[in-house]
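Across the two complexes that follow, chain A remains constant while its partner is chain B and subsequently chain C.
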Partner chain A sequence: MKQFARVVLTRVAPPLIASAVFVGLWAVAIQLFQVKSFLAPMPGDVWRVFVRERETLWHACWLTGQAAVFGLLLSVVCGFVVAAVFSQSKIVRYSLYPYAIFLQTVPIVAIAPLLVMWFGYGGSGVIAVAFILSVFPIIANVTEGMTSVPRSLHELFDLNRASRWQRFTKLQVPYSLPYLVTGVRTSSGLSVIGAIVGEFFVGYGGDGFGLGYLIRVTAERFQTDQLFAAVILSTLLGVMIFAVVSFVAEKCLSRFRAI
Partner chain B sequence: MFYSSILARKLSLGLMVFPLLLGCTGTEVPDDVTDETITLALNWYPDSQHGGFYAAEHFGFFKDEGLQVKIEPGGPGAPVVQNVGLGRVAFGVGNADQILLAREQQIPLVALMASMQNSPRCLMVHQESGITSFEQLKGIKLALGAGKSFAKFLSQDGVLKDVQVVPYTGSVAPFLADPQFGQQAYVFSEPYVVEQRGAHPVCLMVSDRGFNPYSSILFTNEELLQEKPEVVAKIVRAVRRGWLAYLNDPEPVNQKIQKDNPEMNLEALSYGAKAIADLCLPAALAKADIGTMTDARWDELKQQLTEIELVSEDLSPSQSYSLQFLQPLEASP
Partner chain C sequence: MTSLSRRIIAQRLGVTFPEGQTTLSEIDFRGDPGEFVSILGPSGCGKSTFLRCVAGLQKPTTGSLLCEDEEPSASRIAFVFQDPNLLPWRNVHQNVGLPLELERQSSEQIAVRATDAIQLVGLEQNDSSKLPHMLSGGMRMRVSLARALVTDPHVLLLDEPFAALDEISRQMLNEELLRLWQQQGWTTLFVTHNVTEAVFLSQRVIVMSRRPATIIDEFTIDFDQPRDAELRGTPAFAETTRRVSAALRGAMS
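What follows is the complex of A and B.
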């Protein structure tokens, strides 16, 4: 019981209080600067949207969330594999790393037609964009982890005449796991952004509309209160994925932590 | 740490919003309506649909009224409605449905004149698809801008149930690449562009289904209209004369348009100028009445938007437009 109270006080209460303060400041600022409602809505208006449109918002959040999570999982798997290859060969790493950077820097609007051609409109295209935006931090962090193993540990494995495979699976992989966690934390927000941006360009048909579509539609119709609701929900989605990733990471990796 | 990252995110959200709020002080009367330059913000890349505005500048009609006007090109996402609503810009161009949607959100816009009596909005499909009417729309992908009123109208009309609606990104490339692809268009613009590239487009006019908002409307802020009606009267008069001049002699004006929009070629603009004539001056309309609007048309649009749940029943359209500057034009001095 005391443990529970401590968790609430140290982990749950501070962000909630910060949110309340922020919402208060927001309302005050709008009144103070006489901000027009079509530029920034009052918190109360946004809350009313959450209540009134909760089904639409939930459905959109679910769709976007699915695409973001699939994109993230795909980027973890592929990113890990690429990093593994990079960690084993300097030549491969030096030749192909720039292309990994390309994945981070290419503007989605430029490659959207290509993505549509390869994946078509709909879920797979959106997941592809989420993947592209989230894979680089995984590659970069895991590669760094696998190649930063201290010399002394490598020498230990030399002494025991370890094979390349043993060195990889028993040394480099475990050592890189905290780095992987850092990468996935970074990518959790990016995957949501990717899913939303993906919806802008490769979207869904019929009634498959996600948060990206909602953002576009409400902006087009100057419905700023609904726009804010969709944007806030997108932020919360990213935060939620981040929280789940952190929780899973702590549970699985506690035995690997040195500290 | 977990919770400090959330705090960081919330703080950065707040920090991002704050500069936006700082820009929103006080007065409604546009900062730029003095004896200095007045800004007229276009809703898209400069095109034949803006011919009258450029003509007014080119033939000196603004100067005749003693006004200095700067035409500001627009594009996708250009915040013309917001800028005029906040008073940052004096005049804007948009379509009638946008005016009513803005009013629904308490943005104080007033429409002054309608460049096009009839809407140029159409769906463009390939001849190869075999589709020649709305009822035949099936089995294709159709690129429509998210949230557009005409799209919701067509959807409610039932003609989109067998097509796959996809996002419209402003490029005709996906249309050119696939004969089973259609997209939204303006009848005097994209069809010509794709024809030049070898395609055979077929246009389905949305107005044929009954949705026909006034287009390329000149609008302003309610406050400016109340404080400086004489300036507004002058601008409207100059623009109306501009449209008559453009329809009469588009070539020199098209060169001005192309300067602001190098992506357009002169042939396309010429074609556009010819094709737009019917929309601006339908047979029944006298030249002196160019730009005119009626209560009946606005009421009808409001009714249609209410039926598709884009505006509320109690929105009063009469606040959204003014007929006071639409007397028959006198012959130019």
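What follows is the complex of A and C.
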């Protein structure tokens, strides 16, 4: 109980107080400088949007979250497979790694129309954008993990005449799991960004709309209070996915980190 | 566990690395079945490279190396690394069983033999489920030793295995190793830079020169077996240690 109280006092209370202070200053500043409400809303207005539009927001959040999570899962599976292939052959790695970097540098805004053409308006287009944005950190980290197994551990497997498959499953895969976690943590934020960017351009057609669409439309209409609510929700969504990934990683992988 | 032993014969063995650095040259060595030989030499001279050649981890560039009359084969050669080299995600039992797993032995077989090996090196059964990071340095080294012994090797190669341990752990593991060697009778090559350790353990000590290393001196150590901790305090032991140390000094200059 004492422990719990200390955690609350040292880890939970300070950031809450900080945010309360920030919101307070924000409200004071808007009053003081008489900022127009379409430029920056009062905190109370944003709060009222949360209450009034809760069903719309919840639904949008749900759709965006789904797209982000599917994009992220796809990234984990594909990124892992690509990294596994890269780890088995230097030539393949050297030939194809530069193109993997393309995924990182491609201006997603520019290829979004292409994705719409390929995947059509709807969930799969949004997932595709989330995937493209979030796959690279997983490829990069897992490749790094699989290729950085210390030589002495490889020699242990040499001594026991391990097959390539044994070396892969019993050495490279477990060794690279902490790297995978690092990759997924980075990608979790990117998948949310990807889903929102995807919704900006692609949307879900008639099946409803996500936070990205909400952000675009409310910005165009100068509904700044709603825009703020959507942005805050997007951020919280990213934080939540990050937290879930971290929690699962902590539970499952603690033994893999202790070297 | 019963072990056969093998003869190790190196003739004019040499290793030159691709960068052009000659590490070993003209090594003539013969290790008889069941013999315990220590290799001393200045650090970085190539003692480990020689051991790695015997293990098949390093290809000699000149000369030949035979284990009895077969080419060096890893199947019955066990190697203990300087670092315990344990897989951190596997518990003690799983680490020890790894070589058998790679040989595709049945899981019952692995369980029995790993348990035996763990017992053999003086670890408790309740240590079996511990992860390496929960163990002390000495215990990790015991696990590493158990992993080497689980395949029932004919030849045991040890590359400065106890160098990172405190003096008492080192002495205890020395005594343990000697007891196991007497019981199992492997042909044993032990690389070290510790003269006391070499004299205590070995029937023969060879001294290597600086790089490119070759064998420059050899001592037969004929203290009676079984040896125990008392031996380290005897005048004869001190005298032998002094002679070997002098040879090692010579090798360094």
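Everything that follows uses one rule, which is that the second predicted complex is superposed on the first by the 232 of 259 C-alpha atoms of A that agree within 3 Å, B and C clash if a C-alpha of one lies under 4 Å from a C-alpha of the other, contacts with A are read in each partner's own complex, and residues count from 1 in each chain.
Just so it is clear, a contact is a pair of C-beta atoms (placed from the backbone, for glycine too) under 8 Å apart; a residue touches a chain by one contact, two chains touch by 3 or more.
Note that this is a predicted model, so its numbers are computed, not measured.
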Problem - Superposed partners chain B and chain C on chain A - clash or fit - result: fit
Practice task
Look at A:L153 in the shared chain and tell me whether it touches chain B only, chain C only, both, or neither; answer first, second, both or neither.
Solution key: second
Practice task
Considering only touches as defined above, state whether A:P174 meets chain B (first), chain C (second), both or neither.
Solution key: second
Practice task
Quick one: classify A:K251 as touching chain B (first), chain C (second), both or neither.
Solution key: neither
Exercise for the section: Considering only the touch criterion stated at the top, classify A:V202 as touching first (chain B), second (chain C), both, or neither. Expected result: first
Problem - Contacts of A:Q166 with chain B and chain C, given as first, second, both or neither - result: second
Exercise for the section: Considering only touches as defined above, state whether A:K2 meets chain B (first), chain C (second), both or neither. Expected result: neither
Practice task
Report, in whole Å, the shortest distance between any C-alpha atom of chain B and any C-alpha atom of chain C after the two complexes are superposed.
Solution key: 21
Exercise for the section: Overlap the chain B and chain C contact sets on chain A and report the shared residues. Expected result: none
Completion exercise
As the complex stands, chain B meets chain A at residues 2-3, 5-7, 9-11, 13-14, 17-18, 20-22, 24-26, 81-82, 85-86, 101-102, 104-107, 141, 145-148, 164-167, 169, 171, 173-174, 177, 310
Handout entry: chain A residues within the chain C interface of the complex
Key = 152-153, 155-162, 166, 170-171, 174, 177, 255-256, 258-259
Problem - Partner chain A, residues of chain C touching it in the complex - result: 55-57, 74-75, 77-79, 81, 83, 85, 87-89, 98-99, 101-103, 131-133, 151
Problem - Residues of chain A that touch chain B when the two form their complex - result: 10-11, 14-15, 18-19, 22, 25-26, 29-30, 33-40, 109, 112-113, 116-117, 121, 199-203, 205-206, 213, 216-224, 235, 239, 242-243, 246
